[in-house]
Amino acid sequence: MANPGSGRKGNVVRPSVFRGKHRDDAPKPILVMEEVYKYFRRDVPTLRNVNLTVERGEFVFVTGPSGSGKSTLLQLVYRQHTVDSGRILFSGRDVSRLTDSSIPFLRRNLGIVFQDFKVVPHWTVYENVAVSLEILGTNARLARSRVAEALERVGLAGRGNERTETLSGGEQQRVAIARAIVTEPALLLADEPTGNLDPQLAIDILTLFEEIHEAGTTVLFATHDHSLLATSPHRLVVIDDGRLIEASQGLRAWSARMQSLGASHAS
Amino acid sequence: MANPGSGRKGNVVRPSVFRGKHRDDAPKPILVMEEVYKYFRRDVPTLRNVNLTVERGEFVFVTGPSGSGKSTLLQLVYRQHTVDSGRILFSGRDVSRLTDSSIPFLRRNLGIVFQDFKVVPHWTVYENVAVSLEILGTNARLARSRVAEALERVGLAGRGNERTETLSGGEQQRVAIARAIVTEPALLLADEPTGNLDPQLAIDILTLFEEIHEAGTTVLFATHDHSLLATSPHRLVVIDDGRLIEASQGLRAWSARMQSLGASHAS
Amino acid sequence: MEIWSALSRAKRGFRDDLRLHVVAIASLVVAFLCLGTALLSVENLTRIASRWSQTQHMTVYLRDQAKEADVAQLRLVLESLGEISKVEHISAVRARELFAEQTNMSSADLAQLPTDAFPASLELDLADGVPSARIEKIAARVQRFAGVEEVETYRSFFGQLRSLIDAGRSGALLLSLLVVVCVLAVIGNTIRLAVANRRREIEVLKLCGATDSFVRGPFVLEGVIQAVTASTLAMLLLFVAYAALHGHVESTLTALTGVRTVFLNPLTVLGTIAAAAFVGAIGSALSLRRYLQV
Amino acid sequence: MEIWSALSRAKRGFRDDLRLHVVAIASLVVAFLCLGTALLSVENLTRIASRWSQTQHMTVYLRDQAKEADVAQLRLVLESLGEISKVEHISAVRARELFAEQTNMSSADLAQLPTDAFPASLELDLADGVPSARIEKIAARVQRFAGVEEVETYRSFFGQLRSLIDAGRSGALLLSLLVVVCVLAVIGNTIRLAVANRRREIEVLKLCGATDSFVRGPFVLEGVIQAVTASTLAMLLLFVAYAALHGHVESTLTALTGVRTVFLNPLTVLGTIAAAAFVGAIGSALSLRRYLQV
């Protein structure tokens, strides 16, 4: 199951653009950012000179203070925004040079957990999760069993028929997670997926992401939650003041740095 | 400044219903819940037999697993929902027996940070914070200075003119906090106000709430964040399986209990 | 105080969704233009109806044996009546000729008709505004003169004509009503759209302790402003169109109907605008109800 | 496959906002009813116009010195022409009488008019459908006969009458156009409302990798379904109203205009419904554009 192109994806329609091209030379990284700059205001770049290479099958934490650009980084990958300079390669393809009509095919290879969930409040839980399979054209029977499985994995088994707006904050967040994982994407982008969950559930969800990672999916996990970072052995990158810092020396060194930064921030 | 009715509230219009009545006997609790039951599904109560007394000037943490009913508890106070049995007294008045037309006057005495922020995306940051003063009829000049002050306290000084939807998750959460505190309410209800903030900023916000609390405001703070609970000396109540448990024996005992509960939950 | 807040929030609403408001006003202008056209038709048809209902005619059929003197005397009497504006004598021969002209009948066929089918007659034109009761009285009196066979007052024909014009008028009225419903629907939908777009805003206001009237204020104002702007624009456009077309067709129209066309009277125009404002306000207030339950 | 998904999502859309859709369809029914009424007026006015344009008249004024024989010969010639359905001779005296009748002039005043103001004439009724070129040709030929002073073809009068009816018809057409614009506005706004209400849904679909056409599918379907339902209902209602009113006014109307009223022809009805479907689809697709930029 180490190859994300294999497995249960028989019913998943993926355009050849994003598949197979690099099957032979599997070590080619799934995501490469080269000298990425993003300006929302003319003078202050939100991201400056970001270089990041994520290999196939890696698990990368992204952290940093509020407003540092974590969400922006992920949004650049799924073309919610475009880079102002530099380039982003997904499976070797330059994301910022995709035409409008091929963006959907990029997104079908991604599983995205949005920071603000982006669930449809008046849909049922089932509909909210099934929508990403529906887009892929998965047949209804298979979709039903996979949605049920995904809901069970996030601890919402049997709640498929409730209207999503009646769920608690944490439950809605888990619906968003279920929607992202149900398609078994090649790359999972999770933006603060445990912000509304209690510590135990947060660890459960992290464990879930790790299981999915084991099965071959690459994971980019943006979070503030230091207790998650502390317990996991994964690679960690930190965004601060728009710059990306590789915390390869381990969490502790970075954490110390954070504390001092935080103290100056609070002044 | 111990009396929330005094201080800078000269411009705040508060109906006599919620003010003064108990000025003489100040020790009367600001919030009392008596045998509160709330059913969203016929068979399983979301809250069962909840009894809680919050004295004027107290700081109370509410915690519990995802979906346990923390938000529901707060929503019952500001009459988003009504109790199914039992009663809730705010300043001695039964909240569930208020007429529709007096609910606004109840809410004007509260500062509410919603779990999903409830900011208006196409308004500017300034407009989102000023709205609660506008409702109170505060004059424009005073409003400007108080909004500026509130924004500074949450670390968003000088960002009043940005459209709120362009802010990061954590920044939007801080806009919601600024809106809740700008009116200097008698009771502050904060539902997971640090879910999207980095640890340092979370502590800063907690400190802010503690300052406001010092100035005489009663605070009800629902959170998952155990690091916040660990560092604060405040009273802690736990909701689990719809029941409210007073964690008077200290955090540690409860935390141990949580761990075992969490383990069984994850099975 | 509250009105100022409502005004400034209404301004903010226009600013935030200018395009929507422009579309809304444009469609309202069209709707009001339809309404104005329908009202204009009703007004002018009413005038034609009242004019035509006054033009009346009566025929006094004479006996074959009627003496010349009797007829002359009757003529004199009739001409002396204020209600009768003109008297014409049609001989039996002329009546037969006229019938032939009207029916396009061959003279052979005509010859086969009995002679008493074409009696001589006096054709009377009645003055304007003679009530039908008076006409019946005159008819009854004339009936008693020597030489008079029968008096025809054409009640049924004029009744028919009047009912036709009435039908036209009520058609136009029905159309106006339809248009009013359409205007209501357009206003209603526009406001629903504006309200639905600002659901979040309303929710926030309510949760921060705003009263229903505080929330409603700017929406009602926006509804009124839209409706008044649109109806005023529509009335102006209608007047321009009326003035432009008027010169072209007025003379022919007057010749045919005997009535000069007029534009809507100023009271109707003002009334329409006022009604629009009212509907705009009520429509807004009603559309909000659903979202105020927070 | 995709069409089924679109259908099931459209069904979900109707389910989620049933009330909105009912309101939308209701206002569309009203709009289409207006359109149908306008079309009906245009159709019937057109028929009256074409009928009246065929009824024509010509007058041949005779010289005072015209010989009886010449006139009789001319009459014979004219009567032999297929284009002329009837010939009537009006003597100078009768012409004076007729004028007096028409103008209500006193005989004293009448006596002062010059004798040559009232020439004898032949009044010709023309058969239906004679082209005006042919009429002019006849007029030119008649002109050359002995005893003919002048030939009047009433081009200007019939021209005027036709232009009046044309004005009425183009008024009704203009109204139809207005109504079409109104219908477009109502459909447009309704769809915008539906789309704005489902902004979040569209955003989610786009972010999960749906193509624009996948997102558009159910909205276009909903637009078509609404427009077709509404226009069909409106046509049915219009027919019921027509059938109900028809009996009451038909006879008078026919007597006055010489034309039987008809309902819209089936092709027009089908065309309207098809156009509605088209507009519904295009309107939906266009309203979506703004929200597809995610």
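For reference, chains read A, B, C and D in written order, and residue numbers begin at 1 within each chain.
The working rule: contacts are C-beta pairs under 8 Å (C-beta built on N, C-alpha and C of every residue); 3 or more make two chains touch, one makes a residue touch a chain.
A quick note: this is a predicted structure, and the numbers were derived from the prediction, not measured.
A.B. asks: Which chain's centre, taken as the mean of its Cα atoms, is farthest from the centre of chain C?
C.D. replies: Farthest from chain C by mean C-alpha position: A.
A.B. asks: How far is the middle of chain B from the middle of chain D, if each middle is the mean of its Cα atoms, in Å?
C.D. replies: Chain centroid spacing, chain B to chain D, equals 68 Å.
A.B. asks: What whole-number Å value describes the gap between the mean CA coordinates of chain A and chain D?
C.D. replies: Computed from C-alpha means, the inter-chain centre distance equals 64 Å.
A.B. asks: Between chain C and chain D, what distance separates the C-alpha centroids? Give it in angstrom.
C.D. replies: 20
A.B. asks: Could you check chain B for residues that touch two or more other chains and list them?
C.D. replies: Correct list: empty.
A.B. asks: Assign the assembly's chain-to-chain touch graph to one of these shapes: line, ring, star, complete, other.
C.D. replies: Chain contacts: single closed ring, each chain with exactly two partners.
A.B. asks: Which pairs of chains touch one another in this structure?
C.D. replies: Listed by label, chains in contact pair as A-B, A-D, B-C, C-D.
A.B. asks: Contact residues on chain C for chain B in the complex?
C.D. replies: Touching chain B: residues 1-2, 5, 12, 16, 200-201, 203-212, 214, 294 of chain C.
A.B. asks: Considering only the defined contacts, which chain B positions touch chain A in the complex?
C.D. replies: So the residues of chain B touching chain A come out as 40, 63-67, 71-72, 115-116, 155, 166-171, 174, 191-192, 195-204, 207, 224, 226-227, 258-259, 261-263, 265-266.
A.B. asks: Can you list the residues on chain A that touch chain D in the complex?
C.D. replies: Per the stated touch rule, the residues are 78, 80, 101, 104-108, 110, 112, 114, 118-123, 127-128, 131-132, 134-137, 179.
A.B. asks: Which chain D residues qualify as touching chain C in the complex?
C.D. replies: Per the stated touch rule, the residues are 20, 23-24, 26-27, 30-31, 33-34, 37, 85-86, 88, 101, 104, 160-161, 163-164, 167, 171, 175, 178-179, 181-182, 185-186, 188-190, 192-193, 196-197, 245, 248-249, 251-253, 256.
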